[in-house]
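What follows is chain A paired twice: with chain B in the first complex and chain C in the second.
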Partner chain A sequence: MAKGSGIIERSLVSDDQIMEEENLVMDGIDISGRWNTMLKSRVHAQPKWEAWDTVRESFIGSSIDNCIQCGMCTAGCTVAHEISEFNPRQFIYWVRTGRRDELIKQADVIWRCVGCYICTNHCPKGVNTAEVIESIGQWLHHTVPDSMDPAYRANHDTYRHQLLTYGRLSLPRLQAEFLNRLSRRQELFTPEMRKTVWKMLRDGRGLRTLFIGRPRHWSRSRNVLAH
Partner chain B sequence: MTKTAYFPGCSLKTIDRAYDVSTRVVAKDLDIALVEVEDYSCCGAGELKGDGLKSHFLPARNLAHLINQGETSVMVSCNVCYHELSRTANAFDSNDSVQSAIQHMLQEAQEPPLAEKPSVRNTLEYLVHVIGLDTIAQHVKIPLSGLRVAPYYGCLYHRPGNMVSSVQIAGEDTEHPHFMHDLLRTLGATVVSHPAETTCCGGKNLLSDERTSGRLTGRILSQAKSSGADILALMCPKCAGGLDALQLRAIQAVGNQAQLPVVYYTQLIGLAFGHNLDELLIGDMESGAVKIIQQFLARPVYSLPMR
Partner chain C sequence: MSQSTMVVGGGPAGLQAAATLSRLGFTVTLVEKENFLGGAVARHHYQVLMPDFSSGPELLQHLVQRVEKAPQITVYTGTEVASVFESHDLFDIELTGKVHRNIQVQAVVLATGFDHFDPARDGKYGYGLFPDVITGAELEDMLAKGPIHRPSNGASPQSVAFIYCVGSRDRQVGNTYCSRVCCAVSAKQAMELRHQLPKARISMFYMDVRTYGLWEDTLYWRSQEEAGVVYVKGRIAEITEQQGHPVLKGEDTLVRGPFEWPFDLVVLAAGMEPSRGTRELAQKFQVPLESHGFIKRASPIQNGTITENHGIFVAGTASGPKAIEDSIAEGDVAGLAVFEYLKARVTL
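Let's turn to the complex of A and B:
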């Protein structure tokens, strides 16, 4: 029988929360069978507050303390429909209860927020949820960068690099640098991509993309952004 | 003659020039003089939000240039730029410490100061609310009757609803926006409402999270198509990245029902105003818009057969 099959709403409990033995004797009483399934204690004795401190002090995450855990954000969330572990209400709960380990376990999920602001729209208490999630993602980015998908790092670094160097962005250059950073250069030479590049070179968009130019005195603005 | 400043942004200057060109064509017809914001830079594209206060620097820089040019109101086509610029304008107005921080950053970069709060307007909202549907209706030469168009707003046109934006002031519904519906109806098109009108396309993670963005774009396209649309009308170049240029990824994620031609709504206005496909650069769109529009225009009564 599958682990924890006797639990009602089994899908809400993760595997590592369930303790189940073949034969279990406690205080001399054999409790094998149905009664040997137990959930690990959810009492959290050693909360770690760094994430909460970082988020509430950050400019974009300062509204986190207004949250009343109603879950309206998660009910409408775009990403929660696609990725079942993505749960903004729970992320905020973990931050405010010091569950550092849980947050780190979901480090590869939290950054997948698409920033569509449905959550902010739905929040009855005025929490800017989209930006709070962004702030939690930033904390993870600084704390456990290696637990996150390399594609996240590559995307983040590519946008920053293009933005700081040129002051302007364009999708073809972003895509080229992104794939280059991940050593997936071959994806630039697929038949569809070749067709698009050829079309863009012929209709003049290719040249526009290459010579997008920089804003005047861009280095001064870059210094403000970089330091 | 109405005059307004215009902020095209990076995308419209490069690969999404079709949106820029069609906006200018329509503006010329409607007698709107567009004054481009000089020496523009990127708006931050949402990628600098993690930097806190600094995320306001680039939008403020563009707004400061605008004020320096003697303009007080700017029309923005790209939804991401529109969101970033209104976010900064809003923070500038509502919070004194943010205001002084913005001025300090601008001073440090030796850029002109942001002397007052400019009003940031979305092109769609400007056309519907300032120019008016009656005026637009007068310019329609070829009514799009019979063309079944699914409007698609994206996310940052009307959200977040608790941030006071020009779209909200104009009376747009922040839960179920309808300005594009009204506009397309004025052009004579058959408007196809569908459940994914404001669903996000996953544009922020277009490169990094291919799986999610493929499924999200697939959902939008397939829902529009199954609601009976011939074509999808867009208003954001970032959405165009996923829905148009990378439509193949959506088809791989959800199947052939995601195959749907995509155009910018300004191109449809241009078409109704009697411009041809080349003037509006409809050929720039990757997902077969040219074919469906040629088919539509070739029919004597300008309509498409029922599928």
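Let's turn to the complex of A and C:
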């Protein structure tokens, strides 16, 4: 039986409100299925503040306290016009009102930001919105790492790894590592890819990719970044 | 013979009106029903004033000393107006209280001020029931007299909520107007709290934030940017108590969805109402009231201190909610309006 099927006006209740155990025995009595159906209250009663503390103390998120919730960020947002869950104003509000539960639901969506910085440029209060959102995303990534879409996570990890290892970024290397992390290595060997590789070997880009080198004393900078 | 005038009410507006009238050459009788001068500033011991964080006691000292030093001003504290008899533009006023006397004056400035809305009249806030629910005026007292504490157990609060529009903008309690200063005063108080409570969560529950004019950035923005105060949009429907903490029940209208959040201390930003004195004296001086119960101004745009009864002027919050700075400015305007009125009569 489908969850919540015992509720008569089922369409009035959203899926994630329904609590129901398929198999449950309590004090020797079988109360499986509809006999233990409960509805979660919509009331938010336990604000959690770690996100706010983390974001406002971070370098890129420190302007979060400037926000007056006018909505110009979301109004101009490239992504919000396509994806309704992506709402920078709301992310900031949730952080400041301790809505950890709501934020966690958006742990993947928040990375859809394309980095156009329209929000930052629009903000009448001088919030660096794009980077505040980045900071919230980092907190989410740290708090619920598994909630990020595998492709976004692979992308994130690839950039981080390449930068820390070589101190510089190379598109072919990024592409290779990204696909490798996703177990999509075979996509490196398509006919178009082969053509590209030949071209790169001929014009010298191939060598530059293979021998990427490092900036002088990169390990010192890396330590700072990694810290 | 110098012309004689009376100022009723010894708050900022009345003190300023008396000082101005005496400088313009009038004899002034200043009548105050309390035993002290200074109005609400003195009653609640305002230490730090909105909007410029200047000193309340210093302002009082300045206003009161000027009145007490002027030989043309007679101050009667603990005294009220018992009755008024008007004849041929002369007011025969009977005083009662500490001083029993009949005084004849040619012009009267009513500066009878406001009373704070009593939140006990609006049961949903649990004011009077829960010790940790206090008013903004009580918070001013607390700021003046000692450390910020929870009245229930004396502990230092780790979370403070301010509730805006208590007794204002609410048909249910009969006050459909905005009290103008509570938003800004609450922001000021939150910033003061931040100095004493560096770690506390301070949240403001508002319907609109009306820190109008120059107060937008100096109070509203600053309270967020420098004091880390959070503004939550939604009026509080009810305060209950759980495990000794007031719990605020409301709807977060910016993200939808009900909440019930506990706080250590709740401050009600109670609005202004026409004071009892304002209502009584309006009747005695036969000055009509406007629809909210404040003294009606004959032509507010041309001169905000002229009432519909010749010879009776109004200054300060008796004619509507106002900040201290505006009340003092109106005291001056009322003085000049009296000057114009009496001077015109002499020359005609």
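Descriptive notes on the structure:
The definition used in the following text is that the second predicted complex is superposed on the first by the 184 of 227 C-alpha atoms of A that agree within 3 Å, B and C clash if a C-alpha of one lies under 4 Å from a C-alpha of the other, contacts with A are read in each partner's own complex, and residues count from 1 in each chain.
The rule is short, and it goes like this: contacts are C-beta pairs under 8 Å (C-beta built on N, C-alpha and C of every residue); 3 or more make two chains touch, one makes a residue touch a chain.
Every value quoted in this text rests on a predicted model; they were computed, and no experiment measured them.
After alignment on the shared chain A, the placement of chain B and chain C results in a side-by-side fit free of clashes. The wider contact with chain A, measured as residues touched, comes from B rather than the other of chain B and chain C. By the touch criterion defined above, A:216 lies against chain B but remains apart from chain C after alignment on the C-alpha atoms of chain A.
Of the two partner chains, chain B is the only one touched by A:128; chain C is not. When the shared chain is aligned, chain B comes close enough to touch A:116, but chain C does not. By the touch criterion defined above, A:37 lies against neither chain B nor chain C after alignment on the C-alpha atoms of chain A. Of the two partner chains, chain C is the only one that A:93 touches; chain B does not reach it. In the overlay built on the shared chain, the residue A:68 is in contact with chain C alone; chain B does not reach it. Of the two partner chains placed around the shared chain by superposition, neither chain B nor chain C is touched by A:54. Nearest C-alpha atoms belonging to chain B and chain C sit 16 Å apart in the superposition, given in whole angstrom.
By the touch criterion given at the top, residues 201, 220-221, 224-225, 228, 230-233, 252, 254-255, 257-261 of chain C touch chain A in their complex. By the touch criterion stated above, chain A contacts chain B in their complex at residues 58-60, 78-79, 82-83, 112-118, 120-121, 123, 126, 128, 130-131, 134-135, 137-138, 141, 149, 151-152, 154-156, 158-160, 163, 167-172, 174-175, 178, 192, 196, 200, 203, 205, 208-209, 212, 215-218, 220-221, 223-225. Of all residues in chain A, only 42-45, 47, 49, 56, 65-69, 89-90, 93-94, 96-97, 99, 102, 125 touch chain C in the complex they form. By the touch rule above, chain B contacts chain A in their complex via residues 10-11, 13-15, 17, 39-42, 44-55, 57-58, 61, 105, 108-111, 155-156, 159-162, 174-175, 199-200, 202-205, 207-209, 212-213, 215-216, 241, 245, 248, 283-284, 286.
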